[in-house]
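Okay, got some structures for you below.
The two complexes that follow have subunit A in common; it is paired with subunit B in the first and with subunit C in the second.
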Partner chain A sequence: MRVTKGAQIVAGTALLALAVAACGGGGATTGNPASGGAGDTPVRMELGEPQNLLVPSNTTESEGAEVLAAVFEPLVNYDENKQVVLAAAESIESTDNKVYTIKLKPYTWQDGTPVEAQNYVDAWNYAANQDNAQGAGYFFGRVEGYADLNPGEGKQVTTKEMKGLKAVDNSTLQVTLTAPFSQFKTMLGYTAFYPLPKSAFGADGKVTQEYGEKPIGQGLFKLDKPYKKGTDQAIDLSVYDKFPAKKPTGWTKLQFKLYNSSETAYNDLQADNVDIHDSLPASAISSAKTALGDRYQDQPDAGVGYIGFPLKYSDEYKDVKVREAISMAIDRKTIAETVFTGTRSPADDFINPAIDGYRQGACQACQYNPTKAKEQYAAAKGPAKLELGYNADGGHKEWIEAAANNLRANLGVEVTVKPFEKFANILDDLDAKKYKGMFRMGWAIDYPSAENYLTPIFSTGAIKTGSNYAGYSNKEFDDTVAKGDQAATPEEGLKFYQQADDILIKDLPYIPVYFYRNNSGYSTKVKNVKINLLNQVEWADVEKA
Partner chain B sequence: MSNDPQAGPVQTVTAPSPPGKLKKEAKPASLWGDAFYDLRRRPMFILSVVLIAILLVMSFWPSLFTSVNPFDAKTCELATARQGPSAGHIFGRDSLGCDVYARAIFGARNSIVIGVSTTIITAVVGGLLGLVAGARGGAIDTISSRITEVFFAIPWILGALLITATFRSANLGIWIVVIALAVLAWPMTFRIMRAAVITARNQDFVVAARALGASQSRVMFRHLLPNAIAPVIVVSTINLGVFISAEAALSFLGVGVQSPDISWGLMIADARNRFLEAPLPLVFPAVFLSITVLAFIMLGDAVRDALDPKLR
Partner chain C sequence: MGRYVIRRLIQAIPVLLGATLFIFAIVFALPGDPIAALAGEKRQDPNIVMIMRDQYHLNDPLLLQYWYYISGIFLRGDFGKTFAGVPITQLMAGKFQVTLNLALVALVMEAVIGVLLGLWAALRRGQAIDTMILAATLLLISVPPLVTGFVLQLWLGVWLKQAVGTEIFPIAGISAGLRSYLLPGFVLAGTSIAYLTRLTRTSLVETLRSDYIRTATAKGLSRRRVIGRHGLRNALIPLVTFLGADLGSLMGGAVITETIFNIPGIGLQIYQGVYLREQPIVVGIVTILVLVYIVANLVVDLLYAVLDPRIRYE
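Here is the complex of A and B:
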């Protein structure tokens, strides 16, 4: 019997080791330090695993976009006042908001060849073609000829080009839209509008797997080696020497470290094992303020956190009264104050206050009203069991549990909380129509315009190609947004966008829960870390401490 | 075991064999009688029995200990999250504003149910198979022994993660944990039972019973089982504590008991991120867990000492 007892001690120790490992987690996954010269240690940033290969037109989530933003230079950037500033574009002009002429600055690809207007044309045609099934393809829906590349499922695509795209000469690009769109210039900063070099395309005209693993851009950083999704725990990059714009001083290597848990990344940040963490978990906020001091940053952010309903394939939430009741049963203010320690603000509109167009208190059903919620839920015969899914890699557990408790207490229903290991898993399950419960969703803007809270998330066109995970479709909404797009001035456009916003508030395909604030932290090894409105780090400004 | 008082009589008649020479008293002594006599005098045994009794009451009638029903979401007040101990909430509140004391009390049930059911399953399945394998020998023994070796080769935590993850969709609730642990733990009982049966098999009283024409099953259940069950009972008691801590580990890792069900492992996992800010929601379930595991392991140790004095 001694043997048995010994085995038990071993079992006990194994358990302890495991518990410790679970706390330390990703600490062991430290990527191989860059093999570069002495003293040139990389600046390391926390990242979740990208959903897809690193192809701009197929990257519609924040993690892949973060990497691509380092590798590519967009046509336009945004300043602190959310105004468009030119980046890779020399000028963008239009007299009628319909035909845009874009002149390019002389950039080179990271393989040495010059960037030409044709590279944009190729990339955008590829993105828009339905045969290529690119997640961000719908962004080109306004370009003339988009319909030819998207005749509908099962139908043959007869051309490979959009009529509206033309490379006038090597450095001039002309884009013709089907209808005037006042926000087009603002839109051009988004990931999907990056160009692609000729070498990206294989013999069959599709972007190759190799390119997706090691994209060649025209931006500040180039990848050192291909990124193998699923096996690699880090993405290593170094500064591209011939990058013509501002480069960081004092360092040349950048490493994205992949984490499964935001909490683990925070532990690593405190131990100086990772340098920048741009999405601190809620549970870390109060300790971050004291532990990091000045290295903790809290800034307004244009993102919105939602709870979504799978309207396209689940009938349970069809009744808008049910959705309203669920919305009213959630105590946003207390969640923002207690769970997020004041680092989120309760949402009361679909448009974030950081962007023009927000109206305080616009969403009536976003007001906490447990009594009315209960009555209305009972009257509408809402489901007795609710499921609430979230991704466990993003620090969402606490607020989801809190919201679930609100629903349990205020609606008297049974609520199951379902964690998905990664954000990519929940998106995949929603795409595959496998998951039938409510789900956590968040939106970080692609470009600073009220329109960005509407079209990509709630338009009918975005069901198939975009981020409309609810499957919401309302013609009136689509039409109102279109009117805004075609308005002559931004102010006039905004009025229509607000009307469209009102329709969303009435229909509640998602319920807005909170407005993000950006809570980031950095290690003692770096300084001057700025995170822009698109939640991306301004790399050229970062300095080693 | 050879100097154990012979509980299994040589004859098929139930005439008691002479009491063990070591005992001076006139009253007939048996293994169990001796063991119990011995146990009653051990403070460790008494302490563990008292603790276990409290835990059992706690798991079946948790409302005796607390008036708060933690399954009722109304008892949680988010606004008071992470508050320290107060009059109504002696252990304070957790991150969601729920009463830590009530949750710790209600958490006992899952731990006990999972620990006890896993123990019963492993003892019955492993014990019976071990009895048959040990008594029959031959091909049955060889095959079943090889099978158990396969199970021994699986690291339990990986095996348990695999099983719980695979059958997650079956919605078995806490029973998935019982299944995972039982599947991985029965070979231990099997081995011990088999070894004990093999030792007993060649003893005179068994040989005699066979010679007198006792059937195979009679030999197994009348003679072999009573003489081989003691080590199984000891190991099962100790394992009960181990299973409870295993359940907590699986729940901590997120594959065991699932919220809104309550488990100490789950409470620990929920509280660990805010440990520096609010340590109590982690400390209390951890203390409950430690005491429970300790109680069962102490009980197992005491029983072992009583049943097998050689090892003392």
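Here is the complex of A and C:
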């Protein structure tokens, strides 16, 4: 029995230790706030975990951008007619679309100091410098001097500034581009173009970890406390008193609640535990329409889904008649309405309806026409076997299978679908010229201009540095886009972009399959929720119900 | 006894090293470049890829990478940083607590519900209640936690709140303390409750048939004492083994439950780590899980001696 006693003590102690450890953590890690003063409960919005710390130049995904959009005021915004309107900028002028003079409105940082033109210069130089490895650095690729900050792998960066950036005085910023670009104004609303205060930088000239956890902006909301990424389940913000533009009426506190599953967030929305959910899951759409009624909203989202061809090294799809036939054999309407339960709409142009420049029905070959498809495919002697690749991690299996079924039934060919682990694996195989099949591809815009559906995906220059995975190259297309870039006004530029769009429709380097839609829902506690072109909530308009 | 414990703990060291190297190599062997994958469907700037690969030693051979990692832990107590620049110790500290809470709630539910149901079924063997309990456990085993999770969340989380007006079972998060863990704990424990019920029933039925129970009954002991002291105690040994091993799987296998109920624990973190190919996260968590398994097994072995005096450890 001697041994038994010892064992009892040891086992008992171990269990006790586990129990104590468990209790110790009770509420300490939740990061869940006790709400503010009585009567001022926050407006709560669903959010996924931001990918990185909250630094504008390193935020290229939607969740971090949503938080930063609340903390910062961009230079320009977009109105309901998809047009650029000035926000933190007093005026943006250029005579040649190459040198832009930006005058700033008098804003202050949330620590009380005034925002100066130099803050923009510092932030943009930091973002563009390759040594800082900022994800959004490429946005500055059109600014003169970008190349000096990006000499390439293994090479020393010899300067810290782009030649094309100059703070003329405290409230005037001058930007010189390497070539005229009529859409530059449109770019300025994006996260990458936010300024940074002097205090953001540490002694080594890098943005500090503390700043990334509690960014100080010049926007409507300021963070109440540092956001501990990976630990906190909520980000709490309050209205910044000295914010000079429109503030929300009737409420001052905002809370982002972090969810891992949008289904869970939808259940919380139904129970009024969260007020705004801007990415309702496909599974909830049919029930949301009845359960939420007016509080369900459905609007175009600027993303596009395509099927691409490896044109640069495979001859199988070289004949445009083959690509047209494949395009006409796909029943986009059924895919959008049945497979995606209405969270997509059938694509009929390379430019998305959310953006100025879209023309309904522009792409003739995007209309479902199985008879013509079959004839044309046979006449053009299309390949007897087709392969369709997709990345298995993004919910693409269902629609790829549906498209494959369309091709089998309508073209009478053998179709295999090939899952890749991630999209990056498809890219690797395309770069290595290993993969010979078709592949899925998606595009979410960087800035709301028709040009953004053209240059980064289909220009010759984008084969090496951009997202031109098809390897499509057409001089006429490149030239037409360049004319649009150099046009005197954005409106005139748009005409050329539409001409370039026509060339794509004729050549079909990719076939557009669907446009994304934004499906959002609101609780009974808020009203007048509007979501802008960048998929961000217009907070100043939101009211408590 | 003390020596036995120390020997077991020393044996754990090679197990730990082997497990970490193994996991490290597995994550290393996954296809694709983790840095390029960070940019999703856009092409990551090749300069940035190179700079980040250097920063995270991704261009070095496997063993050298492993050395950087393991020496960091042992020499500097540094588990490394995620690609987003968050220290992994900070990530793990909060999450282990949360998952441990969840696992213990599940374990307690499992032990209490499982043993009670099993006892009830064993004592009413062959009667209606026995059949009903067995059928219920069959249902629990065959419905996956993904389904039980969402169904219970909708019924007891959403509808109950809408019907009653106040929140009884929180839908998501852990801000309501112990209350937040009840539903997810039950979902997590679901299949184990069923197994444990069946195990208890079988084990107890077996024990109650043995000679010493007949002897005890013949001695004139009360039924309560016969079943509790002589029957149940002997029947507990396989149950303790099961519970001990289950603590580890409850902690490591909570991915689905943690996702459904938005619980910021390690199950989810380990999934994200594997998905993003962040070796430091995966290996860090697995190391601690291995430790939990080792300690849990040790406790189980020691508990044998408590339950059965014939077992001794020298």
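Going forward, the second predicted complex is superposed on the first by the 329 of 545 C-alpha atoms of A that agree within 3 Å, B and C clash if a C-alpha of one lies under 4 Å from a C-alpha of the other, contacts with A are read in each partner's own complex, and residues count from 1 in each chain.
As a convention for this text, a residue touches a chain if its C-beta (ideal position, glycine included) is under 8 Å from a C-beta of that chain, and two chains touch if they have at least 3 such contacts.
Remember, predicted model here, so these are calculated numbers, not experimental data.
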| item | value |
| --- | --- |
| Touching partner for A:Asp349 - first (subunit B), second (subunit C), both, neither | neither |
| Which of subunit B and subunit C A:Glu263 touches, first, second, both or neither | both |
| Superposed model, subunit A: greater residue contact from subunit B or subunit C | C |
| Which of subunit B and subunit C A:Ala402 touches, first, second, both or neither | first |
| Which of subunit B and subunit C A:Glu451 touches, first, second, both or neither | neither |
| Touched partner set for A:Asp236, first subunit B, second subunit C, both or neither | neither |
| First (subunit B), second (subunit C), both or neither touched by A:Glu153 | second |
| Touching partner for A:Thr338 - first (subunit B), second (subunit C), both, neither | first |
| Subunit B versus subunit C as contact partner of A:Gln209, first or second or both or neither | second |
| Partner chain(s) touched by A:Pro281 [first = subunit B, second = subunit C, both, neither] | first |
| Doubly contacted residues of subunit A, that is, touched by subunit B and again by subunit C | 1, 4, 7-8, 11, 14-15, 18-19, 22, 263 |
| Complex interface listing, subunit A residues touching subunit B | 1-2, 4-5, 7-8, 11-12, 14-15, 18-19, 22-23, 263, 281, 283-284, 286-287, 331, 334-335, 337-339, 392, 397-398, 401-402, 404-409, 415-417, 419 |
| Subunit A-touching residues of subunit B, taken from the complex the two chains share | 72-74, 76, 78-79, 81-82, 95-98, 155-157, 188, 192, 231, 234-235, 238-239, 242, 245-246, 249, 252-254, 258-260, 270, 272-274, 276-277, 304, 308, 311 |
| Touching residues on subunit C, where the partner in the complex is subunit A | 1-2, 5, 30-33, 36-48, 50-52, 55, 82, 84-86, 90-91, 93-95, 97-98, 100-101, 104, 150, 153-154, 157-158, 161-162, 167, 171-175, 177, 258-262, 264, 268-269, 275, 295, 298-299, 302-303, 305-306, 309, 312-314 |
| Parts of subunit A lying in touch with subunit C, wherever the complex brings them together | 1, 3-4, 6-8, 10-11, 14-15, 18-19, 21-22, 24-30, 32, 51-53, 60-61, 130-131, 133-135, 137-138, 150, 152-154, 209, 212, 228-231, 233, 257-261, 263-265, 267-268, 270-271, 273, 393, 421-425, 427-428, 441-444, 465-467 |
